[in-house]
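Two complexes come next, and they have one chain in common, chain A, joined by chain B in the first and chain C in the second.
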Partner chain A sequence: MSAVLADMPERVAPATTKAIAPSKGGRPWTFYVLATLFGLYVIALYGPMFCIYVLSFQDIRGGLVFPMKGHSLHWFVDLFTQVRTGDVKGSFDRSIKLAVIVTVITVVVSFLAGLGFRKRFRGDTFVFYMMIGSLVAPGLVLGLGTGLLFQALGLNASWYTSALGAQLSWTLPFGVLVMFAVMSRFDHVWEEAAYDLGASRWQSIRLVMIPVLAPGLVAVALFGFTLSYDEFARSLQTAGSLNTLPLEIWSMTLNVTSPSLYALGTVTTIVSFIVIGASLGSIVLIQKRRGSSAKG
Partner chain B sequence: MQRVDLGMKNDRGDIELAGVCKSFDGVTNVVDGVNLRIADGAYCCFIGPSGCGKTTILRMIAGHEDPTAGEIVIGGQNVVGLAPVQRRTAMMFQSYALFPHLTVRENIAFALRVRGQSKTDRLRAADAMIEKVRLTQFADRLPAQLSGGQQQRVALARAAITEPRVLLLDEPLSALDEQLRVQMRQELRRMQQELGITFIHVTHTQLEAIALADLVVVMEQGKIKQAGAARDVYAHPHDRYVAEFMGGQNVLSGRVEKVNGASFTLAQAAPDGIEVPLQARPAVSVGDKVDIAVRRDDVALVRPGRDLPPGCTTSLPSRVLAIEYQGYFVKVMLDTVPDDEFVAYVPEKTFFADPFTVGDVVTATWATGSALPLA
Partner chain C sequence: MQPSPAPSRSNLAGWLYVSPLVLVLVPFFVAPILVVLAASFFATDGFGGLTPGFTLASYVEVLHSALTLKLYLATIKFTVLTWVFTLIIGFFVAYFLVFHVRNQLLAIGLFLLCTVPFWTSNIIRMISWIPLLGKEGLINQALLAMGVIHQPLEVLLFSDLAVVIAYVHQLTIFMIVPIFNSMARIDKKLIEAAIDAGASRFDIMRLIVVPMSKSGIALGTIFVVSIVMGDFFVVKVMSGGGSASVVSAFYEDVGVLQYPTAAASAVLLTLVLVAIVSLILRTVDIRQEITR
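Moving on to the complex of A and B:
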């Protein structure tokens, strides 16, 4: 959602500092209460992850619990060299590939759905609820059902067929919801203006809609990617014989008893941050390019 | 500027609407049988309250809506079903609809871009147009970095670069503040004369319409109430609706008491009734209910017992309800007629030579010839 927030228009009126009572210089006591509350919230949110990251940097004597024993990158090396830790590299590859496929499909379908819902049509509410209804289905059940369906049809479950389908049932509704929020900021008179100036449908989409909506489309892509990259429940029964990364981590928690498990957590987090950073960076770049071409 | 060849035969921008109807729900006509001729190179204003169908007519001429019935002829060719580019019309949208991601130059060059003109050509053409609307120093800005007036000029330039024969403007001044509105009004007129093409401008502001238009078209509920030169529509409204909508008129109604050749007498609170010349109106007979209009600036106020000015035969005893100073004139509201508003615009100097106060009893009068019978 941060991408969507980052893309909020600047025309929101600046908040006045004197909304309630004129400030007398000091902060009211409620400020300290709320600040403490927020501090606790941040600790609850990031503390557990931080434990994992810290413990992954222990040396060879390291165990699964505090206290920390030395510091080294031993368990990162161990992660990629030891066979007993499982197929980390293979599952990582699969997860990234799957996430990319899911992202592309999610962006394309959500964009087309956004186009379709520009105007009201008969039964549009029904279609809309049909699209997002699957969100309420428990992921495990949905995955189980997908697995059963593939079995009944005599198809082999694998990460790029059944797991892809199961994940799309999760990312598409989200993508559509985000897309609708994005589309609500698109003024359709722009399309009309493009038509008036002689643009074909395709030109109007290519030269007006996509560029105007680009930051929103990046947000949809980011959603699709992260939802797929750490999707577990729906993939559990649908990934077939080869695991995706979350499944691999899960199976490791059952049989790996070394900090290399934590090292894996650290590595996957870094990957997530790189993806999010790249997305936000591209949004900033899009906006900056507009800004700088404007100043030139 | 290089002309974009669109295979259109002529540059004539005369428009004819013949029996044009538009219905969105198949039941009620938003535009109901409109017939109108607009001369090539005219500045035409459609005016009416919101929902009267004026914008729908504009959009039908522009090619953004298709009429349910009737013909729209531009330069002698029926254009119904053609795209805006084929009609050689261009529209300036109410909120300007500038593309937010494109600079002023790119916005203006957009129409040439979708036509496949090379980048150098189209940017050169855009720069020429930017100069014409005096935006050279803003060429690289984004729409969001421009003021309302500058945005309007970009919108105008973007529409004009296609060299349309008709430019359609949907409430172009409504997004601007009062001062800018007057300024941009002049600019629109200047551009129209410079381009030498037909402008059709939709507004709900009477002042705007009569200040700009060669042809004022007053609409109500999908129908044209009156179309004519600005002075004609303002000074000689056809009926009560037009008189009240264009403003500046007092409308009175009453029954015909007496018909005497070229004039008739309207029964009213006045001791001797109101004498009204027939003018262009078809004959009336005794007992008919008739509306008449008297311009507010034709009404003179006289203190009771004083002589009426020469040429005045009507005298309506009234009481002053309210007084508003308007600068060069003073607006005096009177209780002359029971149900209708009655107002006199008294020149400032006349008023302050012998000022009235609220509650004063006065006699409202006017030169007999200035009463206008309405249809």
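Moving on to the complex of A and C:
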């Protein structure tokens, strides 16, 4: 499913140059029906999210539903200062740190696995299905198993050991699947050329493959960061005594009935959007620089 | 799968490259599953203490409970409803993007517009339905104002309807992306040839587009089915505690330290899930699908 991000420009080109509809002249009636459906889908996708962003900016009289009662940043201040809403600041810190660690490991391990899966080797199918299993297994069950395992081994569950591992069992399959899509477009000729020019295996990886695959690696990093930052089910039984941010949000949905909850939603979405924007921006930048140097 | 023709040297290199992946998956996927499997055969003192041993008592309890059937029926109901709606919406959104948007940049932009929420928090996207569906929410306010209803509808939030809405909202993206991917690979010449040969719009859909999008549909189905069947969070919050699924019951069992019963139910669920996923995998070689 992840193939598309890194793949877009090439894949879409043939699709849109000649549509089913004649490429000039009037659109068939189906176009208008489907365009309406698409529009409604996008509205349903974003509409609710924007509602809570708007509602988080109410003043102290604010409630959980419209109409808006005043405008202020009261609930954001409330979020980070009130004790009753829990340790939002601490869990926020932990989630960011954890997401960074997960991202680094995901990029490195997925890249290596992507290299490994290029050629068939004995047992590759087994490893592949183990990975698919890890992807589709119910997260809460895996989390409980990890928690019990740590208990049985006499280890303390914490966000940087058991929860880190539990999250990797979720981000790595995604990362490797993205690498599959990225690798499928890598032309082996470049690698062969590097070997012909006397490069070692490490040199061909560092000087040829990594620069060529850079946009795909950014996509892997985007998956690693955001999936970890928003991960909930696998962390629930493995994070130990200190919460990550999604666990904090979960406990807030059960206890807090003030716009503080929405304010937290706004804050975490802003972080997500910064990460998404930075990733997509750097992919575009890399592609653009590559395009201009190819022409120049 | 075909046996590897490669010499042993490339076997070694392959394993070296995937060894970090295996080193993570063994302790954090294989071992936990085995732990849960083992726990399902253990006896319990009822206070979270486990006695190693081999008893099928937990399975007998789970299989004899009338609740189990109810939970599975509820889970299957949510899965089927979510699957149908995500498939219909996902298929036509992908179809629109691939076959109807003529400008390539616009298609990329619209596609990204659909995918961005995937990278934001599921929990936040779920609770964002509260101001819309609640008793005093926007939908009720609008319907009251239009005079369609005279009392606020209470079935909108904290109901099965809300659960399905939240699932469809979160998971349609898992259908759009793989279906989009396989549709984008359909050679447009094929469709033009079909038009020239006099095929109707419906024939093109039935004989070309649907069969050639099959692998995308299969991949999307695996994602949607495994996520809905493994979910407890959406059911718990959006039904307001009124509905339960297999995993939400598992969560309650864990909460009261009934580990063996919870584990037995988890093992059964995993078997059902494996059966469904392998049935789907028979129709499509996903490894080849992804690398193509």
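Throughout what follows, the second predicted complex is superposed on the first by the 266 of 296 C-alpha atoms of A that agree within 3 Å, B and C clash if a C-alpha of one lies under 4 Å from a C-alpha of the other, contacts with A are read in each partner's own complex, and residues count from 1 in each chain.
Everything that follows uses one rule, which is that a residue touches a chain if its C-beta (ideal position, glycine included) is under 8 Å from a C-beta of that chain, and two chains touch if they have at least 3 such contacts.
These figures come from a predicted structure and were not determined experimentally.
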item: Clash or fit (per the criteria above) of chain B with chain C on chain A; value: fit
item: Touching partner for A:200 - first (chain B), second (chain C), both, neither; value: first
item: Touched partner set for A:276, first chain B, second chain C, both or neither; value: second
item: Chain B versus chain C as contact partner of A:180, first or second or both or neither; value: second
item: Touched partner set for A:119, first chain B, second chain C, both or neither; value: second
item: Chain touching more of chain A, residue-wise (chain B, chain C); value: C
item: Contacts of A:55 with chain B and chain C, given as first, second, both or neither; value: second
item: After fitting on chain A: smallest Cα gap, chain B-chain C, Å; value: 8
item: Doubly contacted chain A residues - partners chain C and chain B; value: none
item: Chain A-facing residues of chain B, complex; value: 62-64, 83-85, 90-91, 93, 95, 97-101, 103, 110-111, 113-115, 140-142, 145, 158-159, 162
item: Residue ranges of chain C in contact with chain A within the complex; value: 1, 3-6, 10-11, 13-18, 20-22, 24-25, 27-36, 39, 89, 92-93, 95-104, 107-108, 110-117, 119-125, 127-132, 134, 136-138, 141, 169, 172, 174, 177-178, 180-181, 183-185, 187-188, 191-192, 195, 201, 204, 219-220, 222-223, 226, 229-233, 237, 247, 250-251, 254, 259, 262-263, 266, 269-270, 273, 277, 286-287, 290-292
item: Chain A - residues contacting chain C, complex; value: 1-5, 7-9, 11-21, 23, 27-28, 30-31, 34-35, 37-38, 41-42, 44-49, 51-52, 55, 64-66, 105, 108-110, 112-113, 115-117, 119-125, 127-128, 130-146, 148-149, 152, 165-166, 168-169, 172, 176-177, 180-181, 183-184, 222, 226, 229-230, 232-233, 237, 246, 249-250, 253, 261-262, 264-265, 268-269, 272-273, 275-276, 280
item: Of all residues in chain A, those that touch chain B in their complex; value: 187, 189-190, 192-200, 203, 207-208, 211-212, 290-291, 293-296
